[in-house]
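Chain lettering (A, B, C and D) follows the sequence in which the chains are written, and residue indices restart at 1 in each chain.
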Amino acid sequence: MYCLFIKEMLTYCLMNKNRLEAFSDGVIAILITIMVLELKMPHGTDWASLQVLAPKFISYITSFIYIAIYWNNHHHLVHTVKHVTGAILWSNTHLLFWLSLIPFVTAWAGENHFAELPVAAYSFVLLMAGVAYYILSKTIISVHGKDSVLSTAIGKDLKGISSIIGYAVAVPLSFFMKEISIGIIIAIAFLWLIPDTRIEKKVKEDD
Amino acid sequence: MYCLFIKEMLTYCLMNKNRLEAFSDGVIAILITIMVLELKMPHGTDWASLQVLAPKFISYITSFIYIAIYWNNHHHLVHTVKHVTGAILWSNTHLLFWLSLIPFVTAWAGENHFAELPVAAYSFVLLMAGVAYYILSKTIISVHGKDSVLSTAIGKDLKGISSIIGYAVAVPLSFFMKEISIGIIIAIAFLWLIPDTRIEKKVKEDD
Amino acid sequence: MYCLFIKEMLTYCLMNKNRLEAFSDGVIAILITIMVLELKMPHGTDWASLQVLAPKFISYITSFIYIAIYWNNHHHLVHTVKHVTGAILWSNTHLLFWLSLIPFVTAWAGENHFAELPVAAYSFVLLMAGVAYYILSKTIISVHGKDSVLSTAIGKDLKGISSIIGYAVAVPLSFFMKEISIGIIIAIAFLWLIPDTRIEKKVKEDD
Amino acid sequence: MYCLFIKEMLTYCLMNKNRLEAFSDGVIAILITIMVLELKMPHGTDWASLQVLAPKFISYITSFIYIAIYWNNHHHLVHTVKHVTGAILWSNTHLLFWLSLIPFVTAWAGENHFAELPVAAYSFVLLMAGVAYYILSKTIISVHGKDSVLSTAIGKDLKGISSIIGYAVAVPLSFFMKEISIGIIIAIAFLWLIPDTRIEKKVKEDD
């Protein structure tokens, strides 16, 4: 009896959000891991054959950090969700779609020593992922109200908007001065490496 | 002591269903992600080499949306399960089997610019997945009774049945007018993009 | 305060077993899914090129069912675990190791139209997985005592032992009458398709 | 009402740590599994073609055991975490990064019959993973205080430090006496095969 009550309660309370988190974690964990499958073995066993891999390693590390950043911030973002709606589910799926293309553009950019079009494609995927993250955060706020934890924590979301502008500049720039595009991508990564303490602080105050 | 009691209780209460969900989420998360491994890098770095990828991208996006729809609806379906039986476990495994073939038919259809047989195979896998989903929902209803949440929420399941009919038409049609088959597949995707509010509503009423 | 108490309690109570299940589920979900990556696309788009895939599909389906059976029974087995020890963790890892070789032997047997050595290798991996499952169940019983749920439910484990004998016969037989080996493998799969109601019943009685 | 209270409570209490564990488990489960994708099928079906695979199997087994060891010890380490901070999250991501390179060096070393440079690369990745694990444990201790469960359990961490020294010796040695490097790697694996009973004991005492 008691068992059934507990089961019902926990089921209705937790499942929704748990599965949203579990599914997102699953997809992100797989994305961060399968990129290593694109690190094709060098043909030889000397230093030269390892050097050939250098650009692939650099793009692997950059993408690994980017996906880890998204996981980290997604973690904080979904933490504030109280009601999972269809709109939140599909905004989340939209974000996962763009993240799922990161291994593809990583391999392409690494394979071709950061040629113009691959760098533009890489920037474009990051731009769309940034936009999708922005839409997801706005969707969560619209569901939970302007006075919710997330809304007051994020405020005007200068960090999110400036990243999107940065990527939007990096896409066309890739065709003229790709070094600057790469610089912008790395700079934004550093900007986000610091976890989103805005939400973290707010949640703590409310505990 | 208390700890042991809690452990026992939660173990017997939650494990069954949790693992069914966790395993299904795991498989679906992997399926939606490994499809990107079939997006082989273009050989060049110019726009032409990116254009060659267009049909692959289209089939990737379609399959991504289809698997996301299945995850979303599976989520709502399993939400109503109270007792996990052997029949439910195997109906679920049957559904996962057909979903597991989606990356294969996606790659085949995309690689061959939507030739007749690959489009028929794609429709066939969607047909069998639709049938498997229908069997799973019927199995859950038969275990939980005709007055259960799921049963009253789904009713006669017109949406499920009409999708199955649609796919069943699309399979043979692929050999004569494949454009219509592709149209049917896309139309059914839109039909399902709206989350299954029937179950959602019913669950809310009961909360 | 209360929050901290709940956290501590649940942490010490559940984590151990949850992670054992979660990790096993993760590995098994990935194994069952990555096998589809070995289903290489046919080169053409006609029926002949699909027929060439037939043996690969047959081995894919067989392995899919086998891994699903292991997941299903592993689920029931670990359900009875109360204390996770180092011996249980490593017996479990040992089982996962042999299961991890199933995609490899599946692809090899399917690619070579069920030649002698690949069939023997397939049987051998199933044999070792059966032995590992037997060791795991014995390890769990030895930790929980002879009067535990699992011990009384499994009894003398005739099903487990007869499967092991079946595989042990199938391995050498593959070199002389491989058709019989394949028959044995399929027969044992059917034997296990029925979920392990012995444990299921026992657990229900104790609820 | 009650439901909302439970939800809030559990959400703020558990999510953080659960997701850290779930994400790490996901990544480690994928790493241990995708290595089998590098076990490319032999071209023939005779014993000779299986023998060619021998070095790949040996490196597969070694890496499988190494990743299982890391999962096992990571399990015990994170078990003691009470507060998840940004520093812990990124130390954990840093560890996962080095673990993610294990499939790559495994395939390279196995493919080339344990040539000098691949063995050195293998040792180097293990060295960096060892250092990352050490940093993670120090980070957790610095967050939880010198009197925490982990701190008193690990003590001076002779096992961790001696492993790091072992790998640091194995890297340069690979170029002169690679057999000794391989011996060191296998010896350290045996050293860690025993689960970290130091933490296990301490946690039990506190239960």
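The working rule: a residue touches a chain if its C-beta (ideal position, glycine included) is under 8 Å from a C-beta of that chain, and two chains touch if they have at least 3 such contacts.
As the structure is a computational prediction, the values presented were derived from the model and not from experiment.
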Review point. What angle of turn lays chain A on top of chain B when you fit their CA atoms, given in steps of 5 degrees?
Key: 90
Review point. Copies chain C, chain D: same or different interface, half of numbers shared as the threshold?
Key: different
Check your understanding: So which chain is the furthest away from chain B, centre to centre on CA atoms?
Key -> D
Check your understanding: Where the CA atoms of chain B average out and where those of chain C average out, how many Å apart are those spots?
Key -> 24
Revision key, fill the gap. Taking each chain's centre as the mean of its CA atoms, chain B sits from chain D at a distance in Å of 34
Review point. For chain B, which residues are shared contacts with two or more other chains?
Key: 3, 10, 12, 22, 26, 30, 34, 37, 207
Study note, to complete from the structure: chain D contacts chain C in the complex at 9-10, 12-14, 17, 21-22, 25-26, 28-30, 32-34, 36-37, 39, 41-42, 45-47, 50, 61, 64, 68, 71-72, 75, 79, 82, 193-195, 197, 200, 203, 207
Exercise for review: Name, in rising order, each residue of chain D that touches chain A in their complex.
Suggested key: 2-4, 6-8, 10-12, 15-16, 19, 22-23, 26-27, 30-31, 34, 37, 86, 89-90, 93, 96-97, 100-101, 103-104, 107-108, 111-112, 115-118, 121
